[in-house]
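Think of it as A, B, C and D in the order they're written, each chain with its own count starting at 1.
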Amino acid sequence: MADANDTPFSSEDDRFHDECGVFGIFGRQDAAAIVTLGLHALQHRGQEAAGIVSFDGQQFHVERHVGLIGDTFTKKAVIDRLKGHRAIGHTRYATTGGTGLRNVQPLFAELADGGIAVAHNCNLTNAMTVQRTLQKQGSIFTSTSDTETILHLIATSREQDINSRFIDAVRQIEGAFSLVALTAKKMIGCRDPMGIRPLVLGDLDGAWILASETCALDIIGARFVRDLKPGEMVVITSKGIDSFFPFEPQSPRFCIFEYVYFARPDSYVEGRNVYGVRKNIGIELARESPVDADIVVPVPDSGTPAAIGFAQEANLPFELGIIRNHYVGRTFISPGDSIRHMGVKLKHNTNRKMIEGKRVVLVDDSIVRGTTSQKIVQMVRDAGAKEVHMRIASPPTRASCFYGVDTPEASKLLASRMSVEEMAEFIRVDSLGFLSIDGLYRAVGEAARDNEQPQFCDACFTAQYPTRLVDVEGSDNIRTLSLLANNG
Amino acid sequence: MADANDTPFSSEDDRFHDECGVFGIFGRQDAAAIVTLGLHALQHRGQEAAGIVSFDGQQFHVERHVGLIGDTFTKKAVIDRLKGHRAIGHTRYATTGGTGLRNVQPLFAELADGGIAVAHNCNLTNAMTVQRTLQKQGSIFTSTSDTETILHLIATSREQDINSRFIDAVRQIEGAFSLVALTAKKMIGCRDPMGIRPLVLGDLDGAWILASETCALDIIGARFVRDLKPGEMVVITSKGIDSFFPFEPQSPRFCIFEYVYFARPDSYVEGRNVYGVRKNIGIELARESPVDADIVVPVPDSGTPAAIGFAQEANLPFELGIIRNHYVGRTFISPGDSIRHMGVKLKHNTNRKMIEGKRVVLVDDSIVRGTTSQKIVQMVRDAGAKEVHMRIASPPTRASCFYGVDTPEASKLLASRMSVEEMAEFIRVDSLGFLSIDGLYRAVGEAARDNEQPQFCDACFTAQYPTRLVDVEGSDNIRTLSLLANNG
Amino acid sequence: MADANDTPFSSEDDRFHDECGVFGIFGRQDAAAIVTLGLHALQHRGQEAAGIVSFDGQQFHVERHVGLIGDTFTKKAVIDRLKGHRAIGHTRYATTGGTGLRNVQPLFAELADGGIAVAHNCNLTNAMTVQRTLQKQGSIFTSTSDTETILHLIATSREQDINSRFIDAVRQIEGAFSLVALTAKKMIGCRDPMGIRPLVLGDLDGAWILASETCALDIIGARFVRDLKPGEMVVITSKGIDSFFPFEPQSPRFCIFEYVYFARPDSYVEGRNVYGVRKNIGIELARESPVDADIVVPVPDSGTPAAIGFAQEANLPFELGIIRNHYVGRTFISPGDSIRHMGVKLKHNTNRKMIEGKRVVLVDDSIVRGTTSQKIVQMVRDAGAKEVHMRIASPPTRASCFYGVDTPEASKLLASRMSVEEMAEFIRVDSLGFLSIDGLYRAVGEAARDNEQPQFCDACFTAQYPTRLVDVEGSDNIRTLSLLANNG
Amino acid sequence: MADANDTPFSSEDDRFHDECGVFGIFGRQDAAAIVTLGLHALQHRGQEAAGIVSFDGQQFHVERHVGLIGDTFTKKAVIDRLKGHRAIGHTRYATTGGTGLRNVQPLFAELADGGIAVAHNCNLTNAMTVQRTLQKQGSIFTSTSDTETILHLIATSREQDINSRFIDAVRQIEGAFSLVALTAKKMIGCRDPMGIRPLVLGDLDGAWILASETCALDIIGARFVRDLKPGEMVVITSKGIDSFFPFEPQSPRFCIFEYVYFARPDSYVEGRNVYGVRKNIGIELARESPVDADIVVPVPDSGTPAAIGFAQEANLPFELGIIRNHYVGRTFISPGDSIRHMGVKLKHNTNRKMIEGKRVVLVDDSIVRGTTSQKIVQMVRDAGAKEVHMRIASPPTRASCFYGVDTPEASKLLASRMSVEEMAEFIRVDSLGFLSIDGLYRAVGEAARDNEQPQFCDACFTAQYPTRLVDVEGSDNIRTLSLLANNG
């Protein structure tokens, strides 16, 4: 599995994808310019498209564009149109099907008492069920995003003030969600009751900020204030910030995979430095699965911190035995009929000099389908490695995520249908070791996993989902808006 | 005033614009390709953007593009995506403000019991009032088009079947509307109770067609069946066609300006050939305002049929004394600071040889602001005309239209603030004659205007509006969706 | 055959095309803006692409763009880059094959003693032969345009000053050419020895202008000074204008087809008003081929002036029995497999009311392949005409043009393989009449054609070419630069 | 200084840039597809634009596009147009000024005896002088590339066969050049007499390959045959490969900066593994400039291999204390007037957890202007570093390169105007150490630099240029083709 900082890459797309990053600022000139920078720092959370809504005291302004932040929102004309001292933004990874602008957030609605824009990093587990109910009452959906469901719940709420409408809406949804909303007078942030996805509060010279990760605070020189608490809703106005807890209290279940792969290494999430956790993972891995070898080689770039930790703990040289080509864009299609299976080579090449004749420990963050691992191992063997030992910086991923991460169906996950030995054979390594689930919990600072009440959401490893899965379990799980996929 | 077949033209935009053409076909392979041809024939009714929705038995498909039909919908990839044996389409003229794709019709909604697409040629006079009510009930508007209001009325109707929902919706709207709608099983057409805008029924080898004008039937070799009646709603299914009359009966008030300028000369509207009416107008004009002159010169192309009629009746030579440059696109901006007032010359040039030393009768279809007329008269004088007599193929236009035509505010209309003598002086002609209102009624075949119960809508000449003007008269007339104007 | 003012139109492209218009101005601020307007007025001479080169006293600036002038050169950024008080421009029709920017004029070269830009309206009859010789001497060609041949001849001339180099170059070429060139100090214009293509001299408040037609002077309010004489070369500097005659004197042979179709009706070419000539053609035609009929109907727009003349002479009503859709763009492809042969209907529709039951005289300017005529006649019959009599405003076109007009091979020309009777049968008319060659000469003011020394180039009617055809006759007639056709 | 694998990055562009990569293959189906892959692997040598010319046995085909290989040449339509079994390609970095397609290689010319395409990685030191001579003889230049000069020399050669013409041409040029050329029958490769730029020979199942670096062989699974020798010219035909040495023998002077920064770490150049050399550099640096510190942190990604070597030699932990954002595109402009100096933060962020309270050794590959170093040091201090010691993996860069590398004028180079102590103060580090010139020579395997006859070109460190600099020294050094800069 390759790097979270990757631009997606067609046929070789063999990893999990986080779907969104959000960022908002309230009370600062050039608000949209700051959101642009914040979203750029969150680009690893979604590269497909982005949107920003600003409010200038009179009017809302919206821009949505396909592509990287740096390709679209840095044009002066675009930024100049986004007037105002408050703005929220969103960057997204394309999920299946519709890649048009229609699904790009933030979404906006004119309610009877004023406009509201909403962006979120989430996946609702009852969105389709709620949507069906709303349609029966006459709501018209123009996109397939969960955000529109939330927006309709706010619009059709019988409550009078916006806070109450918002609370009314979020109480009807289930799943993982970190929301930011902007109205004429307020910026609202909200995390789901278990705090599955991250959302942090920052401060830039008195202007409040909401962001998915702290790296988005660093880029603009903002101060990290604190993580929002699971189930917390904050309402920011020109008078200050208020905190609400609209849900029944529940035990927190932060997504542990954020530490393994999604979050940027320089971010602090839920109080922990991501790079530090990843090095710890490498250390735990070296203890759990030691190996007699000559060098430690990361699969760049996502395996690098764990490889450094592994090398230090194992007292082996850390070497860049695989070189990455950073120019792999989204659309590189193997040209020509006689040229196939180029995928891995487009992105990686072995550094033969380092590998030839060596016993190599390869460190990667996870195995999804296994096809990429297979090709990388072959490349390393072709470069003359004497032995190849694969060490994976997480437990085997056996189950799909329903909380905002794009995962293959469970049946496509290698670990769901093979034992570790079979996997070792499949990817053709001399040995294969995964981090244990308790090792992973140790790396994040816990003594071990509490199997009664797990401290994190680790459903992709354990298939123990912290919420109901209404849409999946119900019979009502067909997407109705098939039309929209065809719209340019 | 220049030609209805014109592409709009920046600074010199001195005429009325019709806002829409609609076309639908039910029960024919390559339905979208046929809609494309039909819309091409209706291009004079709107050049800014177009959209087509088709249904393939399983799924709806939609394409919306800015530009001419021939620039966008003739691409094979576009047409190929619009699968199915039934489709409706729409071509539009840009009104003030938002020119994004967001406002391009047809609009589509997924209702609880299936999808529906709606396109219309209309302007509702109570759209904003209805929209405000719907927003209070939780409907979210994403565009500023009246079509979305109708769509929400259908979606929120308590009726069960689609016919009843549709009827429920159209009974709540006021103004001028010719609608076509497409559902999984039906194509629906509907004209407002007074039949202000045209809508005709055609037949192509057993497939039913709805179109704004008959010229759209001719292009595909379809048979003209009949005009829809004012207030008529037709429902077309695979079993045939049913007719309904959901409104209180009212006296018809077809837009008489369609004969003067909007409709294509080769169309038959409400049983009358447009070219024939325009020639009659020229004949009536020659009788009402004869002039001792040498030649009759049309302001091309819209003044041409009346000029032919005038020349024949007056027994004067008809000559192309003004030559038109057909390459004037939408974006021709006078380049360079030292070059101004180029507008008329970009589009017209005098044919000096024909004009020099002559007493010229210039025939144009109408005078809006008068600025274009002024420049054309000057050009003709510069070419050496001895006398210039302007004859206008309609009465003075004094009042704004609220029924789907883009008109300046009344105060900008030359005829609203000047007498005919003052206008003659303003545009610097030796004589100026307008057709009388009764002359216009004679040209369309009536004995005279029935002032008690006028046979047509002639509000632009008489300021007698056939409907209430709820939005204009109410206090509630501020567009709320200002945000959307900023969206690319 | 349809209108010279047409945008080209794919599958139904059944007419001759002029290939170029040129325009230059020397000594006027906003020179490029004025060239833009001039080229817009010459757009009927070529719609595919355009280019302008300006000189600002220090530096040359060049812009070349595919598309209409109004779509490309009216952008402020484009015009602003074209600094300077002198500029030349060119608009072109695409010939076979390469439509890239590479062939767009003016072309520019940096010679040892300074830059020179050249644009022309021409076709050389010995270009390939000269090009082959130049290549053997080491000249590298990057385009397939004749202009580059001229540029290389100038560049490789052994003469020292630019006037002499220019003369040296034009003496080596044969064919039809009207050239404009711009150097740091001079604007040069030159017509071929027989003056086959037009070039006029104008004056705008002291700034000299060179243009293909007078309509380009009218648009900017410039004064027509005179036509350049056949074989004349004018050199314009800040000190004034000098005239040279570098060629052996020859009898003039201006292209008579300019009067029939290419030139704009409002232009004066070689002293004659084009519209006037076309009306005369109609008059001559009515005398030569009278017919007992009810109405005269032009094939719009190119048949219109002749139809007016015919109707006046025959004392028959002139009626717009065919209505033209001006929105036909370049790329309208018949969509859908079941829809074919839409071509004519995309552009024309009959005005049934005028035609039904009538004996119709159809007037068109020429017949090329005959396929369009066939379809138009069928349309008129379908509209109920009792009889259809076709009258053509020129003699039968039997031969290809090698002087800058895009014509089919002779064998594709209907008149090259059928008698008039056979043609009448082929296009299914009740009678068919062409203007005689002497009738055409009378229409332009001659008593008759001087068969010993014809007053005009009429090779397309007579196959009597006024020059040698070196490339065609030689064995050396293969285009060598086949590579470039693939370049985007 | 940041990574060779970088996409260029506006205002913070503080490093040297290599200007070109070349790749050719002869005798293999899907030749252009293979060139595409090869150029993708060479993308670090130039990101601005690329071109490919193929020959299909009959015809040459050419495609040139601005942007990354993966964005342009991977489209099926593009590759499909590039038919044939032999093809050459080029990827380039934009130099000053003209960024239009005009300068994109390969260039093509039709000579009298057939076509030839040429691409090169080079800079000629007498290009302008030669160009001026050619212009005087009548050659017309349409671009500002040195390649066109070579093409004209080939075209105007009096030799008869293409080998002799090619030799005639390359003997007249001076500077650094690695050329590939394609004719109807041959692929030719040639290195300048001192072999300043790299060029390697490869083999793919019998098809010969020429490429700038071995990483381009790896991606397609080709076998590395050997480096071309300095001054060697190889001619590949369907019969095999011939080798020529057209120049006077000279001592080799390969560019030593290829090892420091330009080449990809996994490539072998002139027999040495680049990553290995860079690690050696780190080892030498640790020996020459040891420091008492806690961690070694690379400036990613270009400082990483040297930092690994340094850490191993110094026995200090290697840590990713700076995290790189790989999404920085070419056009990221600091948005908003109140936000400035964002450059470094857009691309790098500190990993505070690793740095806080530590004595940090920062390893970077070079210092150019010093502004980026200054900002990175400040970031590291802001993250709480106790001490910052900068170690640079090359000697101070004091002089401009005239051999195909884009360098600032010497006066802008920090090392040209400051001592090491002053530089340390300027960038605000506790200590600063550069590798010595002998240390660099040791790292590549030499005992020391031979000051009499240096083994490499190291002019950027020593200002000792291996060739004459005719254009720079002559008075004739003004670019004449200023016009072309304005062409889009």
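By definition in this document, a contact is a pair of C-beta atoms (placed from the backbone, for glycine too) under 8 Å apart; a residue touches a chain by one contact, two chains touch by 3 or more.
Quantities reported herein were computed from a predicted structural model and do not represent experimental measurements.
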| item | value |
| --- | --- |
| Chain-contact steps, minimal, separating chain D from chain B | 2 |
| Chains touching both chain B and chain C | none |
| Same or different residue numbers at the chain A/chain B copy interface, by half rule | same |
| Chain whose average C-alpha position is farthest from chain D's own | B |
| Inter-chain centre distance, chain A versus chain D - centres from mean C-alpha coordinates, in Å | 36 |
| Centroid distance [mean C-alpha coordinates] between chain D and chain C, Å | 50 |
| Whole-Å separation of chain centres (CA-atom averages), chain A against chain C | 62 |
| Residue list for chain C, restricted to those that touch at least two other chains | none |
| Chain D-facing residues of chain A, complex | 3, 5-7, 29-30, 32-34, 36-37, 40-41, 43-44, 47, 68-71, 73-76, 79, 215, 218-220, 264-266, 268, 273, 275-276, 301, 304-305, 308, 312, 317-320, 323, 325-329, 331-333, 335-339, 342, 345-346, 349-354 |
| In the complex, chain A residues that touch chain B | 59-65, 81, 108-112, 115, 132, 135-142, 151-152, 155-157, 480-484, 486-488 |
